[in-house]
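What follows is chain A paired twice: with chain B in the first complex and chain C in the second.
Let's look at the complex of A and B:
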């Protein structure tokens, strides 16, 4: 978009002081957020932040490396179950457990990355999809994982009680700050990763894998690395998600969830960290809040109820949200392939040269 | 016992194959993998169900109306969702079909609710005939065998001898060359989607007769059918049916030995096949040239 004149301009995080100032303002807003709103919105913000972490990771894989994954719910599940079980069975502080769970997810990502070396497009989609369903089924069958009944997350213990250091995060607000710090670190980490040699190798693979190989990018290492990094993000997000919802079962991590993750990335904008953040926030808000109780919307709600009564059923009204999400997916691909990030760029360009 | 397992495996495999053919026809012509195929079949089956319950029509009439609906649905999705996308990437196409899947699933949930229903299909799994001593064949199985064979023969004749079939093959090989030769590529796509939608709807009705009818009942069969299609190579129609039959047999025998793990056999099989022979067992692999 903007022309980069030298290398240092390319690798800096904030392209100007204005951006830095706005980022700081936004950061202060984020830290003050729990004091401004009610408990429900803190919970919603937690879910959004968890999805932001995941969307950034998924965007590294889908947007930057150009691989397709319909199995991210599987990595998400590995993170959630891994963290919860590690903390239940071993006296382990949360941060260690979540990192180990993330590494387990990364290992599975590496394994899935191996067939990806030979597959592309739809074949890769179906292979990752099979992986996600397999994970869901294994979790649902083995009793170690609590089976179909699901499991409760243990108390969120940051220290080690045996050594006399105990810090339990027990309210949504405390969990919010934990997730916020991790999310900020991981988003900045993702942004920085894309400015290194590894990130440029990912982009080269996306643009043309054969040309990248000719240029000296080792496809085996970088494709599997991309899967592993992306799975690590998903695993950490899953570990946090376990403590946000506190109770989960295998069906939480179904195919629809994988699709919704993909929607976040596509709606936000492929190949843009900012886009992934915006997409995750928008889609999560739509799914958890706005589209959940369509019948209670002001003005529109009564109309929808009477419309449903006439042509559809009132019981099935929850499905309107799913319908609109599907519609958004289709419309975004048709009219705005760059997603919200594309819209943002257009707005920026317009005002930069205004009034011309 | 073994005979019974084989028969069951062949029958369900043929059904996977049939549904896989629906996926393969679209992929063959336009290189779009239709993730909404399962839900297209599902909504058609719900239409048939609605006609049977609400208007008490005889089954053959409901079937014909459903087929007309399936044709219109296929054309509608192609015309309104896929055609407007200019130069879509593979990911873009996948997103569009996934979006179509979500829309159809939600529509059905909105209209008919999520509870499970019984689909009154004339060929039942419960009416069995003993054809050989110790070997039982139910009407559903016979229906699947006859129908699959019939559709295979019709498709073979269609692709081999009819003008439209040749046009479809030409479109698959090179879209631009086909356009130059005077083939209306858009119309070919439209027809492809209609045809695939019809085959998918028929297969979906068979699946509904075997299990129950609810908005998500086609998800698992779709995955398996897709796995079958990949197993046989997405571009070869006899390959897809053979892939479906092999998958049905593998799944049935594996499920007999380890019933707990039956649902994931299909995915282990596809991941293995894709890793070892990415183009499937029965199709030629074209390596991308630089």
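Let's look at the complex of A and C:
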């Protein structure tokens, strides 16, 4: 929407001082957030931030490179189990463990990227779906991973107690700041990556992979790289997720989760970092909070419950929740193919010219 | 500017909708002059949704209590939250209920992982949790002062079933088919302990299975070749269905025995195409068509209050899980506090509703080791073979 006059303007992270100022204000709000709300909302914010990291990574793959993945719950699981097990069995500080776990996930991403060179569309969807399910079953079968019973995340140790440096993050608020810093770094990292030669190569592959190859983009390298980067994001998100929930089993990382991740990216806006952030926040908030509590809304709640019992199944309110979530997706895909990012652009335009 | 005005109203209305649930909770958590807030989580949607009926079953008991005027003048306000069998969501709904709604106690709760994820949080916030709908040793050993379990442990159940197989069915050759996880292994342990008490009897065959396995022909052939008269299976519904169908095709028909997790006969009979008839299982509640007066009362109430629900094992388990909490609340009297309710729960002795007899002490929060033994009759009906039997070999008592 904006006119770019030269290359350097195109690669700026903040397109104007206004954007920079608002970003700073938003940043201050995020850092003040835990002091403004109760513990429950901090937990919810933690889950949202974890999903933001994952959605930004998934968007690099789906939105920017044009490859589909129905297996991101698998990378998420590798991150969660990898981080928790590295910290349980080796005395390792969290940041090192989460980076190693992220790299393991990235390695698996690279492996999955190889068949992606030959598979497209639904075939790639099936291959990645198979990967996600396989990871779930392997973790469930091997006792090292705690089997199907699940495992506890260890204490979130940032230092090395053996060397007398110990810093344990044990409350939702402390974990919030850790996740917030990592999320900000990774979102900026994602935005930056898209402005480099690598990011432009991804976009070229999405628009036309043959044309991209003709222009000198090595498909083998960049497709697998896109999978690896995306999986790294999912792995880091998984590593943080482990400490947000503190207990998880393989079934946590099921197919539905992979689909929800994809929904976040599509609803937020394909090919937009901001869209991924908004999509993750909206879908998580709807799924975890608003749609769960509609039944207690005055008047409207009782009406919806009786409506659901009469016309849907016995489970009541949760029918409406699933229905609304699906409706939002359908409406966005039909009327706003750019997702929430598209809505955002239009709001911006509206205010720019307001009141005319 | 008409369009803008309308847009403004829409935004205002949406903002109001978002802010409404923020209304503050009462001063004392979960109890005030007119109501006691009780909650349960359970998968209502998603892949584990069939188990969601547990949470809806409890509602019948609470509605009955409220119809009779509540407990010492207070009505029960009951919240059900769908966690989709996802522990992250269990933590979220539990924190929301505790911190925003103010909940006095939780009952039931199906998912094992979800329960493990919130167990410590509930104890830290002094919220009572009665009758988790999963048997996990970590819930009750060591004693968690706020958590009271009544689901029979799997090794106790297997031990009682094995006693029945050896002493009543007079079987000599027993095979054991188990899911390769804690659930299956607990069952195996119980059976082995029991067999060891009969002059070191042993299993003719024990075969583990991964829950995703679809081809069970080699396992069933091994059981057939071992000459097993009885095969105990500690598996999930899908595996059990495949096992029965495979055995039928190779002409192997032992007496199948299984745990209470497969005691929803109507469901099992439907998915096995009638092969479930004759299978013996443990049960943690009376048969659905029992003429026990309590059962009759609940059945009538369910028909009246929630006619579209299927009156199945898991639905009525929800009632059984909620009974001891209601009993304790009645015992406490009008001055209800968390401490008073804990004292009442700790003093529950030989209480029996439609589930097993329950006894809780301050140092023992596993309420029972009793099961019933039932058999699937024609058309998925339940036949009672043996009334409540406790495990005389239980080591934890």
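Keep this in mind: the second predicted complex is superposed on the first by the 343 of 356 C-alpha atoms of A that agree within 3 Å, B and C clash if a C-alpha of one lies under 4 Å from a C-alpha of the other, contacts with A are read in each partner's own complex, and residues count from 1 in each chain.
What we mean here is this: contacts are C-beta pairs under 8 Å (C-beta built on N, C-alpha and C of every residue); 3 or more make two chains touch, one makes a residue touch a chain.
Please read these numbers as outputs of a predicted model, since none were measured by experiment.
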First, second, both or neither for A:248, with chain B first and chain C second: second
Touching partner for A:77 - first (chain B), second (chain C), both, neither: neither
Contacts of A:262 with chain B and chain C, given as first, second, both or neither: first
First (chain B), second (chain C), both or neither touched by A:149: second
First, second, both or neither for A:283, with chain B first and chain C second: neither
Partner chain(s) touched by A:322 [first = chain B, second = chain C, both, neither]: both
Chain B versus chain C as contact partner of A:43, first or second or both or neither: second
Touched partner set for A:337, first chain B, second chain C, both or neither: first
Contacts of A:125 with chain B and chain C, given as first, second, both or neither: first
Chain A residues contacted in one complex by chain B, in the other by chain C: 137, 141, 256, 313, 315-316, 318-319, 321-322
Residue ranges of chain B in contact with chain A within the complex: 27, 33, 35, 81, 84-85, 88-92, 94-96, 98-107, 109-114, 219, 223, 226-227, 230, 234, 260-261, 263-264, 266-268, 270-271, 274-275, 278, 288, 290
Chain A residues within the chain B interface of the complex: 62, 66, 68, 114-115, 118-123, 125-127, 129-131, 133-134, 137-138, 141, 210-211, 255-256, 259, 262-263, 266, 270, 308, 311-313, 315-323, 325-330, 332-334, 337
In the complex, chain C residues that touch chain A: 1, 17-18, 20-21, 44-47, 49, 52-53, 56, 79-82, 84-89, 91-93, 95-96, 98-101, 112-113, 116-117, 120, 180-182, 210-212, 306, 308-309
Residues of chain A that touch chain C when the two form their complex: 38-40, 43-44, 47, 137, 140-141, 147-150, 152, 241, 244-249, 251-252, 254, 256-257, 287-290, 292-293, 296-298, 309, 313-316, 318-319, 321-322, 355
